[in-house]
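Labels A, B and C are assigned to the chains in the order they are written; within every chain, residues are numbered from 1.
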């Protein structure tokens, strides 16, 4: 099952942070036990009893104060050095050119691979075992890119590209989310990171580069016609057709993806039909309007999209 | 030149600095025979020499803005403070002209020294011309002494009162931090001479840019941050000393034995 | 409504004569005790709003994929919850408490400026209503309590909710600054004789230190809000691309926002420092260190804000410096916690309700402090930021520390305010419900955060562990609601039927317990001798009094003139405001941009008008000397000259604006024009306010008022006028001169 936990790191970067978390967790735990122990001791030992006189009016001790100022100083220095080291290990300097450019949109993620030219949405493929340099951008407001098991989180800021590394030790699928509030559908701005063997990754890239097949006839062909007649093309791109807009997700290989609506539902034929019937029903506030398609139209469109493997 | 070579060879044994230090020591020993606080003085001298002789000086001289900033802070805030602490406690500063005894003068001296020398033209000039550089060094020491005189004059009655001193230090801290903030976030134009060396005298450029990964932006950022954060801690330390001084006059906290 | 009068009457808060017109007596009051109570009642009313919003949030999140609230509604609810709890609950209640207690503790008759006090208070309900009016005006803000740009900008939040949010925060900010200028003036100028600054009870000391933090931090927010409003209403782009910077808003907001945390935490520390010693029957351990660490925290808190921005991408260099400075705050905070704990060791601990709340607050704050360090460590923050771990952390501060200490303080001081004790039995019940509910709600959220749940999501998928943890948290929230209801019930019952409290029910040692409960008008009939920090201890134990706290001569006796003091505090505050605007100008104009630029400004003409303004500093100084020599005619003459010179300056600036408008330069032409008009405009506004004040002075002087001695108004306005001049020196160099010589 996919999870988002930070306690199960799957990459050297995430592991560095995890180790720091363990070490500092132990330090915090010890401090808590000592100080809380002192308080509990006082609560048990020095209760007031009926008729007791006021105790010795001790007003302080300079030595004690100096000691318990210096000890935290040392702890802080140690934590600072550990943090410094971990920052270097979990977030090495970025190279001049990124491997993936990821853009946050309200409320989905666009991923471009500048070296190969692949463009996809909400599903980022990486070769396992290879660190990939990611450049983070924003098309509108602030978002935050977070794949807890693989790497640190980092904001996407308009006009201020940020850089992180992402990698996975083993092949696997990891869940990512947007963690900076970005408007109505901030909750459903999930994405998947799919780590594959280098061969699988190369095959995937190759498949993604292929233009979409044009269906010759039947329901799917009618779906394509509908797609081109309506204003779908104003927002979406399908490589191989006239649609080239970059406002909504690129749909060229839509059917190969596992999630729909940035994670709000799984990408199944049934969900796709529900989505086309009224996206606002599934993801209220999403930028895609309700086109009030007839049942037949929905079915034609869905048939077409299912060809976009 | 590699880092190790640099650390060993980049010491600038500037005779003027050494002679000045020697004269200073002689004057101190001659002038104050009783109540010497030679420890403080030697510390001041050591810090002074270390800043102007050690590799930091070579870096500040055309290579790194941040090293220049470090030097600037030490010369303005640390050396004068230590010098004032080395004066005999009974020494009165009442011979100061009235204008120099005013807190506002001290404040303007301390804050002005920061802003004035980071005016782009002057900042570049101090790297280009030795004479401007010498003037800068001397002025920093003098202005720093004026600034700290209000806080750590040898005699208690010639200092600001603790609450006043807190206000004085805090406002100075804010005024310098603002400049630090500007330096941290502005484009690399403040001291443009550091972005390209006039001449790579020590052959260090390669090491700094690739070995130490000091880009021009990072260099100015560190310079600004040094002025913003650690420098504030110097003021903050002084503020705590003032609070300690204030409460310190209260009778020491000692247990009152119970009488039953 | 008359039932309320009955309750107040029986509680002794109303005298029989006041019964008749009790509503007016409260609406028009300038008495610090009543204003204090009004503050707290207002806070309590908004607490109900904020609490209902909290419950709605928890209900929506109780189960995965819940559809109880529409996402937009949910986003409004959490935005309003955060804003309400901070600005309309925590701040008013704490300021109200301070308003009631501080004058009593320092032996003063009232606050230094009773009418300013009333004004500051009335801005709170006004601001609160303004904020909530947004519900009727097209929807509340839905941008989170820190309203990150560009989401809070018109293209992404076109409804007026954000405008209401910004305006109401401006109103509340002005009220807070007013209230805290008043605290500073009260503590400095209105202390009883012999109540030296070093003998101040810790509560008053901390409120005093906190007041400086408020007057420094709030103006920073005000400057940011003004910029946001200009963006939204005049179509500029301070925080919008192209040209503008979303990160700038974060800097401005957190430069206010981090101190803000301490603005509400320091009064909580103050309460702990007051209650723990009383119920341990011992003086605070290390008064000097507790007092000094407060100053340390206040100063440090102003320089650590960038730790809220570790994931914004400022770079490792910046991050590291802020890791260091943020971690440093842990040291003075740790010193405080240890001192409170040490106060209990060796004491005779009495577990009345106030103490119970404070002990729980102490332990919970320990947790909050430790998780706080993990946010100061950038590397850990890179994982935990914006997750429920963070939500848990700051609720441990805001609820675990602040709400608990407020409840402790109310149980402790309400007997003083009403003359009647609260019920111990109900008090203990509400305490235990609260402890259980609070820890149930928020401990689990740490783990929820580590399991990856991001904050501010209106719903979530059924991921491993999320569902049950959220359910536990929701159940806990209802325990807290029950505890709150029980507290209100306790309040009502005890005000009506509570046991009479007497002057000093807790056998405490500070001056508020030396007067009747409730205290009479003007507070004291006579004061006990003040030689130490615990005057009533000395009275009760003449055989073993506290050591006398020495007096450092004139400094401890320092009692400046209150008008001047308040103007100095106001100037400090305004400096913060202008610093932000000036830094913004420098930042946005660091690189030249297309469109109007500084070279189009007419330096010569502006120079001429500036000379007039600078000359007016001289003339007002002459007017002051005239007054000092008791020469009325000379004073009036110079005062009129000042007004004329100030008028010429404003006229000149008006002319300059007119020329710019005529040549097509408007506030939204480009960022130079925006920053230019903002900066010079606000300076001009300050000149105009100064002119109005000068006109009032002139009128008074002509009416012969200035023959009275002392006549402090002129000195105070003079200081303000000099300040406006100094600001113009900076503006002139930065806007007109600097770009020319670069």
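The definition used in the following text is that a contact is a pair of C-beta atoms (placed from the backbone, for glycine too) under 8 Å apart; a residue touches a chain by one contact, two chains touch by 3 or more.
Everything quoted here is computed from the prediction, not taken from an experiment.
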{"item": "Interface with more contacting C-beta pairs, comparing B-C to A-C", "value": "A-C"}
{"item": "Centroid-based (C-alpha) most distant chain relative to chain A", "value": "B"}
{"item": "Interchain centroid distance [CA atoms averaged], chain A/chain B, Å", "value": "46"}
{"item": "Centre-to-centre distance between chain C and chain A (centres being mean Cα positions), rounded to whole Å", "value": "36"}
{"item": "Chain C residues counted as touching two or more neighbouring chains", "value": "286-288, 324, 328, 544, 546-547"}
{"item": "Chain A residues counted as touching two or more neighbouring chains", "value": "55-61"}
{"item": "Per-residue multi-chain contacts in chain B, two or more chains", "value": "253-254, 256, 258"}
{"item": "Partner chain C, residues of chain B touching it in the complex", "value": "120-121, 161-163, 166, 170, 174, 177-178, 181-182, 184-187, 189, 218, 221-222, 225, 228-230, 232-233, 236, 239-240, 243-244, 246-247, 249-251, 253-254, 256, 258-259"}
{"item": "Residue ranges of chain C touching chain B (in the complex, touch as defined)", "value": "197-198, 286-288, 291-292, 295-296, 299-300, 303, 315, 317-318, 321-322, 324-325, 328, 543-544, 546-550, 552, 555, 558, 579, 583, 586-587, 590-591, 741-742"}
{"item": "Touching residues (chain side chain C, partner chain A) in the complex", "value": "70-72, 75, 142-144, 148, 150-151, 155-156, 241-242, 245-247, 280-289, 311-313, 316, 319-320, 323-324, 327-328, 330-331, 334-335, 337-339, 341-342, 344-351, 359, 362-363, 366-367, 370-371, 373-374, 377-380, 382-387, 450-461, 463-464, 537, 541, 544, 546-547"}
{"item": "List of chain A residues in touch with chain C within their complex", "value": "1-7, 14, 16-17, 20-21, 24, 28, 31-32, 35-36, 38-39, 41-43, 45-49, 52, 54-61, 64-65, 68-69, 72-73, 76, 79-80, 82-84, 86-88, 90-91, 106, 136, 140-142, 144, 146, 148, 152-155, 157-160, 162-163, 175, 177-187, 190, 263, 284-285"}
